[in-house]
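In what follows, subunit A forms one complex with subunit B and a second complex with subunit C.
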Partner chain A sequence: MSELKVAVIGGGIAGLSAAYFLAKSGAEVEVFEQRYLLYGASGRNSGGLTVQFNDEELIKLALRSLDLYDELQSEVKFNFLLRKDGYLKIANKNDEAKLESEASLLKKFGVKIEILNQNEVKELVPDINTKAFDLAYYFSKGGTVFPWPVIWGLARGCKALGVKVYDYTPATVVVENGSVKGVQTLDGLHKADFVINAAGAWSNEVSKSAGVELDNKIFKENICVTESLRPYLDPYIFDVSNNAYLSQSMRGEIVGGVVGREIDQIDKKGELDPLIRYAKFATNLIPKLKGLSVLRQWVGVYDLGKNGKPVIGFTKVKGFVQLNGFGRHGMSLGLAAGEKVAEMVLKK
Partner chain B sequence: MKDRKVVCRCEDLTEEDIIKAIEEGYDDLESLKRYTGATTGPCQGKGCLMHLIRILSQKTGKKPEEIGVTTQRQPVNPVPLYVLAEGEYE
Partner chain C sequence: MVKTEMGRLQEHPILEFKRGKEVTIYFNGKPIKAFEGETVAAALYAAGVRVFSRSFKWHRPRGFFCAIGKCSACMMEVDGIPNVRTCKVYVRDGMQVKTQSGMPEAENDVLSILDDVMDTVFPHGSHYLKFTTSKNARRFIVNQLRKFTGFGYPPKAVYQGKAGYEEIETEVLVIGGGPGGMSAAINAAKYGAKVLILDENPFLGGQLVKQTHRFFGSAKERAGTRGIKIAEILEGELRSFKNVDVRLETRAFGIYNGEVGAHQKGEVDKLLRIKAKKIIVATGAYERTLVFENNDLPGVYGAGGVQTLMNVYGIKPGNRGLIVGSGNVGLILTYQLMQAGVEVAAIVEALPTIGGYFVHAAKVSRLGVPIYTRHTILKALGKKCVEGAIIAKLDERWNPIPGTEKKFDCDFICVAVGLSPAHELLYQAGCEMKFIPELGGLVPLRTKYNETTVPGLYTAGDVDGIEEATAAIMEGRICGIHAAISLGYGGKEAEKELEEAVKELDEFRAGPFGQKVVVGIKKCLVEGVKV
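Our next item is the complex of A and B:
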């Protein structure tokens, strides 16, 4: 069909999703990943899936993403290790207004958020310390996904549609007379009608190479895993007041951390302070976890649009498209955002 | 059964499992680690990393120096949450 050529910079969830949907409609797509797939935030997050956002656009993307997880994992024939066993937001009283407004906004979209009392939470998570929180907002259709197979599955789906996925291939944008010409890699120029910037924490630099100001904020977050237990903990738990979270992956590990902080320069050095804060949070919330050992801690970096929202859409440079700035929620938003950008490009 | 060469005891992986993953295209160390799960169990690579590098070297012809090692992450040995929870932070 069309001769449409698209280059995607960044082999994470958003970029691969865009590549997949573009290729499905007949576009010729190349994906450029600077390191290995999973090097960025798509390979370093804890896999929480929810629609509990205080913003209509985000809710729409998150709802669509949940459907896409189901559709795509059968389409690309890859098990995403996805469990829709619920997403639980807990908080102390001070944050009641925040959770209330989120819940009432979600109601507009027909999404049911259940407000649970301590006993109902205990039914969901039998060993939870009910003194560790005052409020609980539960989205039963959220859950936990293992991020790695999502990326492998998408990459496989892309390749089956003829997409070229290049790893260890950094790329910059080439612009001529206000329009993109393609991307430049060490082996030369790859021509493209559209270049999609899905480079996560590296999006600012990619955008700069196109001469477009982006100014996303960069964050650094420490996450850790423990030894594996048999399936035990159903919902993903996010503590709004302590800014900390934990869940159990399909491999049985307890995965968790504390929310990251803004940094000036990308740095991936693990830090002890967040690990101590997490250990205090986890052992207070579920005291039975205290004997469990932490095997490994790592750092992920992610970007957030400067106004606190993802950056999705066309720019002043013709053919240069932003698909970044998802903050902590790339896994919840990225699939639908990729699909949306693919539609925008195809319509142009 | 006696021909099975176990290279990763934590994740129960044989040499054949590793070779299959390399043949599927997970032929750089970081991807091979994640796809097979080798080096991500309780030993964190202490028992298996050298085997992974050896097999990868034999299959791809790359020298061990070119293959490198996976990022070594803290803690060196597993640490229980209750021990970490006794720490202090700024």
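Our next item is the complex of A and C:
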């Protein structure tokens, strides 16, 4: 029997993870990235890592991903600059039920979410304004990762296993008699037994080229960074009630933004409203950030499965596999989801 | 000889320095005398401070450089607030200023040893590749790396500025109050448009305020007048219009779909949201630098930094300088330095001929400054600041010829090798851009009325191609009138003036010095929609 051939569309965290695990098991894998690595949401996010989800499937993926971060860094010999300094979800009273149900669900998986009082939060983040929230749910093993080395490291691991990673190579799916034949690029047909759609915000279009209906919602999110400070902020802070977040990068910048809004068409132009909302949120939460200058602002786009969950699995077209719809949580879920899809494909 | 006192020029043949009340600021705890109206960076410079910060990774010294809030080398902690650009903040009695990088402080930084060893131990990018195989090794290295990261210390105090917010609607918004911007504002306003003009500096005039020399060009465009005087004339005219709102110390940070975000400093720190029907970007240019060994040493300046220090604050940049570049800026600066009693060791020019106008070169030669054509700077000497420089002759392939090195003693080096357009806002706004060497870099495609590919967004001055202030004023006139006409003002009279203005600019550029610009503009000219 000839070698298993897989084409992955999308060079983000999920696509590269799937490519890596498939190649590790001996498959012949090609990755097609329409622009360059880091162009999509995997290169534009703020690197928050948590398992605090309201869904068992997501929790499983997130827990497995945290382990994979450790395993993969050793395997590909690349430091992702991961800081497990905790993930803090804060909220006002109205959102108590939401946080409670996350915490109780996680208990089933043996994961402890600490409910901190305001003094305990002050210990974690001394300059925080405790009037800015009522509740604090803390996952001490969560944290912050620098997304760029994650992608660089995965790509490096892939290449070491013989995976071909093509950048600036848009690809469409070629289907014949209800099963995939491969992908079409400008330089011709690349034959494949399986095609994995890991195209993030562009997944709907890729799916359409395979003749498979996919109705992921597309979101646009603005993030910004300030000038850098010495180590100041350890945990990643997510405000559930204000839909905003901030953390400190390894370079010392305060990175943050407000949760994105749904859009009809992909565009990556920066917006003023989210920047202002974020500035209000950040300076209210940590008043000492007031004098800091914002250095850069950018936009990332991501997709979310229409029922609010990732889309992972086979489709009506034989050999066409979905691996998309992670919403804002690609960094928390993508590694494990890639591994899962690799396993599914290998079992077929 | 020009008298100096406390590092400050006391008499100047052209300029008069009005200094405010004497105050005391504290630099790393040490009292330093300064005068109201001076920026912190300028006052420190006058007091002889040369190392302002240390670089992020190698802990190399960083000093006074751009003087206009762009380069971030002068960032310090001021009254507990980190990362303050000290070249943009004015002294106040009792102000506490601290360097924020270096151990224990920037001047005497024990970590400067990293400069010698870092590359051997940690070559570029190696922090991703070393200590990767075990979880504990990675955690250790991430924790260590994190200790060395960051620039300022975490803020010790809450910023005391009051926050404000203002929504403004205007017909024409002009970003940048230099010659191009002021001219655009005047010409849009004179036909009746409601105009708002912003400038990030506390004064209007842009780079004109440093130009103590007389201008060339057509008599109509104020040839024979000194730059500083032109700024005054334009400002006077601008301020005579009731329909012009001038906001200083106001920085536009983004153009978002016809709406502009800006930050206005003052007693109340204001966020401005400006809705404008027409936007004219006149943000000017940045100075270019050159690649040579130690080019980051304090004492290596751009011409603009030196001019600001000397002509705006009346502070002596040094005792003996070396000028790199013999374009007009280099030549004029040489003359200005000598006016201020500063010795100029030499002018170095890579081209076989002097770049600037003959009159300027002749003036400099009369003063006895040697000009080394076909030479380049190889290296700046010194550990914490410039103590000398080595230059060498170039062969036909622009390589230094061994054995031709010359050493100069100097305490500063001024790099005057041209400008690049400050194009960020245009790029961010979505204008179609093109790299055009003749115009100095990345510039927007535009119509002959200087409207970019984003409808209603215009440019004037160096931001759309490096020329002189005269051309900037003419471009400002063209796009100002065009903006007014498109808003329905001015009628036939304005249309007539517009065509005249276009013709005049074409004629101005038809001269021998405009050839390069004409070639460049052809490459980025697009057909516009007729008004």
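Going forward, the second predicted complex is superposed on the first by the 346 of 348 C-alpha atoms of A that agree within 3 Å, B and C clash if a C-alpha of one lies under 4 Å from a C-alpha of the other, contacts with A are read in each partner's own complex, and residues count from 1 in each chain.
Throughout what follows, contacts are C-beta pairs under 8 Å (C-beta built on N, C-alpha and C of every residue); 3 or more make two chains touch, one makes a residue touch a chain.
On a predicted model such as this, the values are computed, not experimentally measured, just so you know.
Engineer: For A:227, using the defined touch cut-off, is the partner it touches subunit B, subunit C, both, or neither? Pick first, second, both or neither.
Structural biologist: In the superposed model, A:227 contacts both subunit B and subunit C.
Engineer: Identify the partner contact of A:185: answer first if only subunit B is touched, second if only subunit C is, both if each is, neither if none is.
Structural biologist: Neither partner.
Engineer: First (subunit B), second (subunit C), both or neither: which does A:167 touch?
Structural biologist: In the superposed model, A:167 contacts subunit B only, not subunit C.
Engineer: Return first, second, both or neither, reflecting whether A:292 touches subunit B, subunit C, both chains, or no partner chain.
Structural biologist: both
Engineer: Thinking of the overlay built on chain A, is A:78 touched by subunit B (first), by subunit C (second), by both, or by neither?
Structural biologist: second
Engineer: Where does A:70 make contact in the superposed view: on subunit B (first), on subunit C (second), on both, or on neither?
Structural biologist: In the superposition, A:70 touches subunit C alone.
Engineer: Between subunit B (first) and subunit C (second), which does A:34 come into contact with in this model arrangement: first, second, both, or neither?
Structural biologist: Once the two structures are laid over each other on A, A:34 reaches no partner at all.
Engineer: Would you sort A:277 into first (subunit B), second (subunit C), both or neither based on which partner it touches?
Structural biologist: Only subunit B; A:277 stays clear of subunit C.
Engineer: Just to be sure I read the superposition right, which of the two partners does A:153 touch: subunit B = first, subunit C = second, or both, or neither?
Structural biologist: After superposing on A, A:153 lies in contact with subunit C but is clear of subunit B.
Engineer: So which positions on subunit A get touched by both subunit B and subunit C?
Structural biologist: Looking at subunit A, the two contact sets intersect at 152, 227, 251, 270, 272, 275-276, 289-294, 297.
Engineer: What part of subunit B is in contact with subunit A in the complex they form?
Structural biologist: Spelled out, the residues of subunit B in touch with subunit A are 28, 30-31, 34-35, 37, 40-42, 44, 71, 73-75, 78-85, 87-90.
Engineer: Across the complex, what residues on subunit A touch subunit B?
Structural biologist: Counting only subunit A, the residues touching subunit B are 35-39, 43, 148, 152, 167-168, 226-227, 251, 270, 272-280, 282-283, 289-298.
Engineer: Help me check something: in the complex, which residues belonging to subunit C touch subunit A?
Structural biologist: 56, 75, 81-84, 127-135, 138-139, 141-142, 145-147, 149-159, 161, 163, 253-254, 256-257, 259, 261, 271, 273, 428, 430
Engineer: Contact residues on subunit A for subunit C in the complex?
Structural biologist: Those in contact with subunit C are residues 70, 73-74, 77-79, 81-84, 127, 149, 152-153, 227-232, 250-252, 269-272, 275-276, 287-294, 297.
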